[in-house]
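Structures incoming, each one as structure tokens.
Each of the next two complexes has chain A plus one other chain: chain B in the first, chain C in the second.
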Partner chain A sequence: MTPESKTKSNDATERAKAFHQSDLMDDTELRVKIDESLASAVALFFATSLFWLLLGSIFGLIASYKMHWPDWLGEYAVLTFGRIRPAHLNTVAYGWVSLAGAGALLWMTSRLTRIPIKWGWMLFISVLLWNIGVAYGTGAIIFGYSRGMEWLEFPRIAGFIIALGFVFFALPILKTFIHRKVNHIYVSLWYILASVVWFPLLYLTANFGHYQGVVEAGMNWWYGHNLLTVWVTPIGLAMAYYFLPKVIGRPIYSYYLSLLGFWSFALFYNWNGIHHLIGGPLPTWLVTVSIVASVMMVIPVLAVAVNHHMTTFKHFHMLKFSPTLRFTVFGAMAYTAVSLQGSGMALRSINEITHFTHYTVGHAHLGVYAFSTMILFGGIYYIMPRLSKWEWPYPSLVKWHFWLTAIGVIIYVVALTIGGWYQGLDMNNPDKDFMESVLNTIPYLYLRSLGGTMMVVGHLIFIYHFALMVKRAGPRRFAPPWFKKPEEESAV
Partner chain B sequence: MMFIRSFVFFFGVLATLLLGWAALVGIPDIMISEIDPPDELERYTAEEAFGRQIYIREGCVYCHSQQVRPEGFGADQERLWGRPSVPADYVFDRPHLLGTMRTGPDLMNIGVRQTSVSWHMEHLYDPRLVVEGSTMPPYPWLFEVKRSAGPDEFVLDLPEDRVPEGKVVVATREAEALVEYLLSLDRSYDSPQRVVDNDEEE
Partner chain C sequence: MTKKNNNPENQNDPKKDELESKDAFRDEAESDESDVYNIHDQIVSREKGEPDEGFEPTPWWVWTISVLVLFAMGFYLGKYSGTFGTTAHEVEMPPRLADERVEREVRGDQLYAGLCQPCHGSDGMGAPGRYPPLVDSEWVIQDAETPARIVLFGVEGPMEVLGETYNEIMDPFEHRLDDKEIAAVVNYIRTSWGNDAPEIEPDRVAEIREEHEGRGRWRASELQALMDEE
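Then we have the complex of A and B:
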């Protein structure tokens, strides 16, 4: 090698290095710019969602206690089980999951399109309208103006306000997508864009359609289950697809599997709803179609499961360090479990037992809590420090939050799964008095209250921690709130 | 190229949802919504409709279904909850109250199974007066404690220790309407669709 060529190659490496560094620099600057472009809006989405999480889970806890202590607070009409239970469902679904999910989707959209959010001012209108809608709707249920259909209890006006709020959330996402600075559209973005198109359509059809009798029941459950199809599940999956590879630092296992997962999900999932009416007075073909679609869901679920778990596989030791990863992996595992369980529950022989029982309630919480809510917690732990430019002050609080909610929801789901199964067996046994199915369930309902209490305590800790961070109180830290420092681990 | 791909994506996403709607809501709507009500099924009276509103307001649907399952699917038939429900039973029901939970028993035919007004009144006032171990909530706000009852008012026959000295517990208009509605729940007439099925079998 001549000295000349050596200099040349050195020069090239130097130039490459310099270029790489400036590229990295630009990249970091861009991220900061993106985060700044939606910091206050997304923080508002998160903060208000936490208000609904707290209120909604307190409603849930009161309802849970009332199931075994029916006379507790029995004299207050506004706190009666039949009002507080739908109030719980609606505040956590439309308040907590929706608002927190909307915040996370906005941030991911901006990061994945690699430009600061467009039309960011609309987000303030969105968060305002959305909160007004949920507050108005919840008040209506509590004070006796429910529409009387599960998942659709909010009066039409509240539904209209929320839909309007959604429009002001969807437009910035679409505008940002149009001006994107990337050629490749990442999986998370597919789910985000799909739900932005799906949700308003679904919500408006359900809130403003006119149907009668059993057709209305069909519409009710087409909607009820589809709220999970077009909104709750895409939020969770988009976040899992984003945070698992991000935190682990490895690409997603298979691009083709995610493609298969997405389109089979879109095709089959929104045909599932009528499995809530198996054995009911609807045409048999209609129920059968939903059962078939529910079983077909095994395809997207396995595609997503293989993709997520193979990405995480061999990196399980990282769960010891990263809160975001731990919450997200917990959620991704719950997604696999709840989906396969759901396909099973749609089979007539199993549904005969589980339908009309607490088993279904356990299933719902395995989905919306162990999957969605846990992933949302993980996402907020990741996103918030980037918005507030202040790290979570106390890693120990994160640890408490994780274990209380994780063990709480496991107790909750296991108790109701076993209790609900026995409740169904008792109910279907004509030799037993119906009251036996009520009385035999009570011990499991006490356990459910225990799990629920742990979850609410976890929420209180999380909200306290969130408030400290927003106020920039507590010690200033410069690293993520690792459960354990990676150095300590390697020293051992 | 990018434009076409985006178009295909959004079109596909829209199509999947609309397909699902057509299959699960649109087609059933065309098929079932024109059903005639059975001759024996009567429209709710104003009183019953008001009672139905109370049923909705207090969220009875979260623990009581209104749909009877057929023979061989659950024990609804053995428990004598009524013949299997058919779409025609629901033509006057808006909103529908099929329910998805049976913390308590099905109420599709409660008006046939339990015809006593005073049982229903006491049950609503305090379920544990008439059903031992019941976990149903009490609804005291549907009742009024008064010095004496008016001429048309329903006075509850309660154990002495449950009534304040020198007073009576009477049903409000809401409780009366709710009980009226519960008593109207009777789909014991022959199922219109069932008759057709039998003809075909013969």
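Then we have the complex of A and C:
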């Protein structure tokens, strides 16, 4: 580092201090009040989300086994692939990611606005309605009443119940935000507020508009991809922006990068959905605009990646002991990977190979699992001890959970990425029999099931650990579940 | 870090009691309250402060890449805009056709299963009194041209097969199958279920097709005459 740049960065630190002077009221008493104001509600969000995680990942595992053992469980209508697979998608998307994400957003909102949550009673209605909606919708899919549109399989009634549940989740966030005790609004809050406003618009438009034919297909993918835009990704990014500096104890690298990242994200991401319909009967310009916007996502992703990397840089040694940081950094890296991969996949020349293959499935899991789910795990490890006033009883279980899920999802994604690519080449090759393209995927499908099994075992361990903690069973500990003892006491 | 631990003030604070009643996890039977607060204080007081932002400048190469991507995709948008009309046309993705030289595999057994099996049966035995058998049939195994003629143009009227007379109509396949396919299905019939006759080449099928082009269904007597000629 040259002396000149050193002065520069000192200046930046001074400016940051001045900027945040009025916000530096991090006292323990306030944290206790905030945590207690939402302990039961957020814990309920987490606990029910874990139920859907378990159910959803078992659905996913059954669907995965069916890909190489096609006759397995085929004799029961409710367990056929056509029902199990959408049931998997919807339970993990609307049950696991949404409920766990909602819990984390609530806790972060309260912490970042420095006041206990307002209208906290609404959250119990929210969690109840939300779970009823997901349960009703999943039942409808399993018993054959799916709407038959990807990401929108739930019947409209289930959609209505979930939307209502969302209202009772959004109002406390908005109310709390209005009464905030900070001058400066931290970047995580930008994402939280954006998703709270965007998600209802998206969900209501998709569920309750009337569409037919090509427009319906267009709407379907506008919705499908935007669910990631306005809900899954903001949850993950808000959490990464929160937990990286929080655990490391150092400000996020650059406010300017945060700005660039957020506004280019808001500008480009919502156009992306139509790249799912390349080659479909939509106007060419519509598809092209979507591809252009998908590639433009390079800008926000780069901004976020640099911001996160430079924040964590020089602190990577903390990954050795902090579970929260390790899960979060894993997820943040996966976000960069999945987004750049997605920008590439939107290009017509690559899309014609990868579309309609297992490659896309690998991409989806790199996004919703390696990015979103891993960050949620990290967040729950951090938040839960503060809600339950109890440390995680067994650090070894955290270790098992991390390695099983991390290695599992890596096997899963790598296998499907390679297998799907070859599958796409085979399918595009007119000299090859179609069956050849199918049979060639079988080894990769076995690997997918292996990765999936590891992930489900990891989930079982995590849920067992969570249950122990809530019941305050197991040994009473007085330290975070460090992977190993750090030199300085901090983190988790 | 331990400044809040064992702080007697916490336990006597009336505010604490109020908050305590909201605690969803309270379980007096199992744990001593002061211990619970002890742990919680430890948890929240070891935390770092709430995150905030630094003000490092954006690296120059982030801007450079952003501008390059903007230009590249602007170009892409112009090139593939389809004149912003309402029609869907994917100019840059013409369908890729098979290389002419590469021949698709034609399988007689599959053709037979789809086209012939409904009448002649999977064992080639036909249906007694209705559809004649192909196994050992003189029309099938005597020479290769006769079955090719029948498959090409069909046959109708009374026909004696293995001493039994059948009177049915078989449709022509001249427009549905090409020479290779007809050769494949004829060869399949002539070499299956115990039949063991030499194969016919697609070129020979083409000659027969050309020779009799446009004719309708055969009668058994016409076929017999051609067989006798040869």
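The rule is short, and it goes like this: the second predicted complex is superposed on the first by the 460 of 492 C-alpha atoms of A that agree within 3 Å, B and C clash if a C-alpha of one lies under 4 Å from a C-alpha of the other, contacts with A are read in each partner's own complex, and residues count from 1 in each chain.
Heads up, the rule we're going with is that contacts are C-beta pairs under 8 Å (C-beta built on N, C-alpha and C of every residue); 3 or more make two chains touch, one makes a residue touch a chain.
Since we're looking at a predicted model, the values are computed, not measured.
K.L.:
Which holds for A:His179: it touches chain B only (first), chain C only (second), both, or neither?
P.N.:
Once the two structures are laid over each other on A, A:His179 reaches no partner at all.
K.L.:
Quick one: is A:Thr360 in contact with chain B, with chain C, with both, or with neither? Answer first, second, both or neither.
P.N.:
first
K.L.:
In the overlaid three-chain picture, which partner chain does A:Lys314 touch, first (chain B) or second (chain C), both, or neither?
P.N.:
neither
K.L.:
Have a look at where A:Val289 lands relative to chain B and chain C in the superposition and call it first, second, both or neither.
P.N.:
both
K.L.:
In the superposed arrangement, does A:Arg156 touch chain B (first), chain C (second), both or neither?
P.N.:
In the superposition, A:Arg156 touches no partner, neither chain B nor chain C.
K.L.:
After lining up the shared chain so the two structures overlap, which partner does A:Glu352 touch, if you call chain B first and chain C second: first, second, both or neither?
P.N.:
A:Glu352 sits against chain B and chain C alike.
K.L.:
Identify the partner contact of A:Lys66: answer first if only chain B is touched, second if only chain C is, both if each is, neither if none is.
P.N.:
Only chain B; A:Lys66 stays clear of chain C.
K.L.:
Now for A:Lys484: first (chain B), second (chain C), both, or neither, which partner does it touch?
P.N.:
A:Lys484 contacts neither chain B nor chain C.
K.L.:
For A:Ala39 in the superposed arrangement: first (chain B), second (chain C), both or neither?
P.N.:
Touch status of A:Ala39: second partner only.
K.L.:
Residues on chain A in contact with chain B in one complex and with chain C in the other?
P.N.:
279-283, 289, 348, 352, 428, 430
K.L.:
Can you tell me which positions in chain A touch chain C when the two form their complex?
P.N.:
Going by the criterion above, the answer is residues 8-9, 12-13, 15-16, 19-20, 23-24, 26, 28, 31-33, 35-37, 39-40, 43, 111-112, 114, 184, 186-188, 241-242, 244-258, 260, 264, 278-285, 287-289, 291-292, 295-296, 298-299, 302-303, 306, 310, 348, 352, 385-391, 428, 430-431, 433, 470, 472, 476, 478, 480, 489-490.
K.L.:
Could you list, by residue number, the parts of chain A that touch chain B in their complex?
P.N.:
Where chain A meets chain B, its residues are 66-68, 70-71, 74-75, 77, 80-83, 85-86, 144-150, 183, 190, 193-194, 197-198, 201-202, 205, 209, 211-220, 222, 226, 230, 263, 266-267, 270-271, 273-274, 276-277, 279-283, 286, 289-290, 348, 352, 355-357, 360, 427-430, 434-435, 437-439, 442.
K.L.:
Can you list the residues on chain C that touch chain A in the complex?
P.N.:
Residue positions touching the partner: 1, 4, 19, 22-25, 27, 30-31, 35-37, 39-59, 62, 65-66, 69-70, 72-74, 76-77, 80-93, 96-99, 102, 105.
K.L.:
Applying the document's contact rule, which stretches of chain B touch chain A when the two form their complex?
P.N.:
2, 9-10, 12-14, 16-17, 19-21, 23-25, 28-29, 31-33, 35, 56-63, 65, 67, 69-70, 73-75, 78-79, 84-87, 89-98, 100-105, 127-128, 131-141
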